[in-house]
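Read through the structure below, which is laid out as structure tokens, and then see the notes.
When the chains are written out, they are named A, B and C in that same order, and each has its own residue count from 1.
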Amino acid sequence: MINLKAGSPQVPLPEQWDSYKAGCKLVNPNNKRKLDIIVVGTGLAGASAAATLGQLGYNVKSFCYQDTPRRAHSIAAQGGINAAKNYQNDGDNVFRLFYDTIKGGDYRARESNVYRLASISPEIIDLCVAQGVPFAREYGGLLANRSFGGTQVSRTFYARGQTGQQLLIGAYSALSRQISEGTVKLYNRRDVLDIVIVDGKARGVIARNLVTGEIERHSAHAVVLATGGYGNVFFLSTNAMGSNVTPAWSAYKRGALFSNPCFTQIHPTCIPVHGEFQSKLTLMSESLRNDGRIWVPLDKADAEKLRKKEITPEQIHESKRDYYLERRYPAFGNLVPRDVASRAAKERCDAGYGVGSTGRAVFLDFSDAIKRLGREAIAARYGNLFQMYEQIVADDPYQTPMMIYPAVHYTMGGLWVDYELMTTVPGLYAIGECNFSDHGANRLGASALMQGLADGYFVLPYTISGYLSNEIHTPPIPTTLPEFHTAVQGVTDRLTRLKNTNGKQSVDHFHRNLGKIMWEYCGMARNEAGLQKALGLISDLKDEFSTGVRIPGGLKEYNPELEKAWRVQDFIELGDLMVRDALERKESCGGHFREEYQTPDGEALRNDEEFAFVSAWEYKGGTATPELHKEELEFNVVTPSQRSYK
Amino acid sequence: MDSSTRKRLSSITSKVIMALAGLFLVVFLVVHLGINLLLLADDGGRAFSAAAEFMGTNPVIRVFEVVLFGGFLLHMAFGVMVSFQNRASRPVRYQHKNRSETSPLSRYMFHSGIIVFIFLVLHFIDYYFIKIGLVAPPAGIAPHDFYHRSLVLFANKGYSGVYLISFLFLGFHLNHAVQAAFQTIGLNHSKYMDAIKVGSTLYAIVVAGGFMVIPFWFILFR
Amino acid sequence: MNFTLKIWRQKNATDKGGLVTYNVENISPDSSFFEMLDVLNQQLIAKGEDPVSFDHDCREGICGTCSLYINGRPHGPLKGTTTCQLHMRSFRNGETIFVEPWRCGAFPVIKDLIVDRSAFDKIIQAGGYVSVNSGGIPDANTIPVPKSDADASFDAAACIGCGACVASCPNASAMLFVSAKVSHLALLPQGRVEAERRVQNMVAAMDSLGFGNCSNTYACEAECPKEITVANIARMNREFLAAKLFAEKEKQISFSL
């Protein structure tokens, strides 16, 4: 059993980060430019980290699979970014943001990391404004805020429904500035397929140039993974088509532990699935729940008629509607956290009250808000979201209620990291959604952007200097080392094997099947029997894939099917680990709902006695069963209690 | 960036020079139209000839004539240069015709400009070259007698036809050109842009229409 | 629904390429344009042929990766929409659909419908940022920004960098893209500080990369999926002229220790 130590400073929580900063070792400017750092991924975490490290004077190599850093999927975040600014004077402060995040995460996150996140949050807003991020403002010229799920204050900063885009453009422009100054070199259209470990330290990556198919070696003194989440394991998710687990998974296979893989967030407000051909799901921002009311018919007969399109939702009288979130959770109403809202929707649909042609949808109704505030005000707040909805569904949400259903959105699990955001492999860091650290078993809305930027702009630049201060005597790592050679060989062999499989089915066929297994047995609700069954199904799928996949095109050319095949193969292996993790965690918490463990009224039933730990899985090679390690969670400041939003 | 590209005038500067030269020509057209409309006066050409005399002899106007030629040359030279750069920026063309919703006239400024240019050449041969003695005037008309020269030309239906077509295209050119010039020099304002566009169209109709009235007048009333 | 597709196929940057005709059948009107191409690609893979390569990623209209010139219009017939948000119900059953890559010398084709748009990155690198470091930043509310300025800045900042403006422009000009970034930052007090430098450097970069000149056809505005207006181009022209005419000469300061 590996002894997992977070290594948080041994001082009271509010003093930890200052104490760390005061004591951490630095690297002098002359030495910084002799040190190479690889940053994989250019989302909020990756771009902000690469930009800041470049600005400090390190020699940074930034990788992304997209054609330009500005397209990373952080761009799709809609609602906003939290910060404990208390600009609204509504009782917010660092402690409350910390507390909300720990509670929202169902007491499965590490206190020290979350407190640091909350305390850094105000600085993020300052920096973003200085970069020219056009946040929403009041007429007085000061910044505006909105409220979000799981909190009772308005602390969310936003730029219409495109906050992620604006923040990413801010980080991308900072990155562009460093590229023009020569401190960052960009490697776009690259898939990072392996991490190179030399003498136990992360020293480089093997990348495939997606345009030429060339396998490239890149070395550095430290490697930072900012590769996002693994939601695409479900095939249908709100992630981008290219979002993948591959770099994180190769880190896992090279010795980094993978934590809490079963913690996935199912976002309550997505556009429902409507056909077999569908390739992805579209999120409708959580901010819609500020003004939209969620309901299903009170009568099953009405639901049936709606499904058959015999009546329209407007025809159902107010008294015949069940605003089930307001009914079950009067204190938070439609603004309960995501996991709670998602499960409640599933519960209603399972009970036969679902609407839409498939019966897997509920209404999100703006008619009251339009009556109260006027169409103009609603258009100003959500215009682009309404437009997007109308384009996809061909229904006008000003006229008729939206239909929504939960969908996979975010993954709280990820590579295990310590207080310094370093994985169990020295010199290998994981930041943003790629790590597990801040959101426990459920993430609150508008906190992902906060974490990505906190890690990249403000945390990693300090913590990595501690490690690099011991590397100033290490000359540039030659890519001719045998470890690079072996890694290249491994990558080339696997690519050749994939290419030569010559089976009958396309990659998508397997991905779709994997998604069905994961959604059915490891989705919003899980149970022992289903998870056991999933293990068998995934194992079968893995075998079928290895003999049945067909990849047209060559290795040394632009070949998107080959890219997908590699990613899906990793997803299948990850699926297995997720199921194992879900089986092991015999409790319900946050996004992980085990049907065997619930309160009489259907709420998640945590078991703090046995499961107040972070699971951390160790790869044991080949088909060997991975080994579970545990980081026990200590709650010194917050006392875990049953989460109640009633 | 290598030194050759750095020395090139920036695209915006080129466009602004074109726009300013164009706006200068816009002013000139009004003056020219005013004088031409005197042809319609039923006074045997006295007013028209007096104006032509003034334009031909006044020293200030003489200086401005050079500026005017400069304006034409700048406008045309930059127009040609910019158009060639534009063509070069898309070496491989689309197979399917563009269907973007834009004013079709705006896409053919180079073409309408060429038509106006051809007319300008004819116009030079018919008037200016005679005046400066490069071309011999038709029998019985003195080199400086623009009035009778005009009467002879407009009596020719072919000439009137070319004249009308040229001014129709000048109208198309101006309709887009005036508001585009405002846009190019940066005068775009959410409150006034619509007015500028309307003004541009009105100007084009008045100027092109004004010139076009003359041959019709000659055909119908003389 | 059934469609005849005429798709530009080109093996690599040096291949000549040409239109190839395909047929797809039984397409749901609710499927997106890419989902229709997914169906085509699954057919091609089943037949052992090379699937059509096209750029796409988020499929929710925000990343700006998608780039198809459909029936003579970037992102197809719907206004204010990216290709990924275009649904087959916007086409007639049985229609012949031409699909081509963006065409511009500065955007060379990589394969089939994929072009290299790194020229846009180079323009941003020339000055599309505010030169601030991540330390010593004043409180976000220190400088009030009039709401109208913040809103106008946002409108310009909504650009997704897809390149539809260049693709639609008869001159392959990048003025809308560049002006959107210039406007976004020039409208905010934070970006104002280095506005003169920025506009000159970005325009110089744009010119050096081989984009055409603006001739005010406003095709860019008509095709921009984020409906960014040409008022930004006028603003950039204004900023540029003012900077060229009135900005003080930059002193090259050499310092020694």
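Convention: a residue touches a chain if its C-beta (ideal position, glycine included) is under 8 Å from a C-beta of that chain, and two chains touch if they have at least 3 such contacts.
Being a predicted model, the structure only gives us computed values, none of them experimental.
Undergrad: Which one of the chains is closest to the middle, using the mean of its C-alpha atoms?
TA: Per-chain C-alpha centroids ranked by distance to the global centroid put C first.
Undergrad: Have a look at B-C versus A-C and report the one with more C-beta pairs in contact.
TA: Most C-beta pairs in contact, of the two: A-C.
Undergrad: Could you find the chain whose CA centre sits the greatest distance from that of chain A?
TA: It is B whose centre lies farthest from that of chain A.
Undergrad: State, to the nearest whole Å, the distance from the C-alpha centre of chain A to the C-alpha centre of chain B.
TA: Their C-alpha centroids are separated by 62 Å.
Undergrad: Could you put a whole-Å number on the gap between the CA centroids of chain A and chain C?
TA: Centre-to-centre distance between chain A and chain C: 27 Å.
Undergrad: Rounded to a whole Å, what is the gap between the Cα centroids of chain B and chain C?
TA: 36
Undergrad: Indicate the residues of chain C shared as contacts by at least two other chains.
TA: none
Undergrad: Would you tell me which residues of chain C are touching chain B in their complex?
TA: Those residues of chain C that touch chain B are 6, 8, 19, 69, 71-74, 77, 98, 100, 103-106, 109, 168, 170-173, 175, 203-208, 210-219, 222-223, 230-231, 233-241, 244.
Undergrad: Taking the complex as given, what residues does chain A use to touch chain C?
TA: Within the complex, chain A contacts chain C at residues 51-52, 55, 66-73, 75-76, 85, 87, 123, 125-132, 134-143, 159-160, 162, 165-166, 169, 172-174, 176-177, 179-180, 186, 188, 211, 238, 240-242, 274-275, 277-280, 282-283, 387-388, 391-392, 394, 457-458, 461, 506, 508, 550, 552-553, 557-558, 560-561.
Undergrad: Tell me, which parts of chain B touch chain C in their complex?
TA: 1, 5-6, 8, 10-16, 82, 85-86, 88-103, 106-107, 109, 176, 179-180, 182-188, 190, 193
Undergrad: Where on chain C is chain A touching in the complex?
TA: 11-12, 27-28, 30-32, 34-35, 38-39, 41-42, 44-46, 48-51, 53, 55-65, 78, 80-81, 85, 87, 89, 110-111, 114, 116-118, 120-121, 124-126, 128-134, 137-141, 144-147, 150-151, 153-154, 157-158, 160-161, 184-185, 188, 190-191
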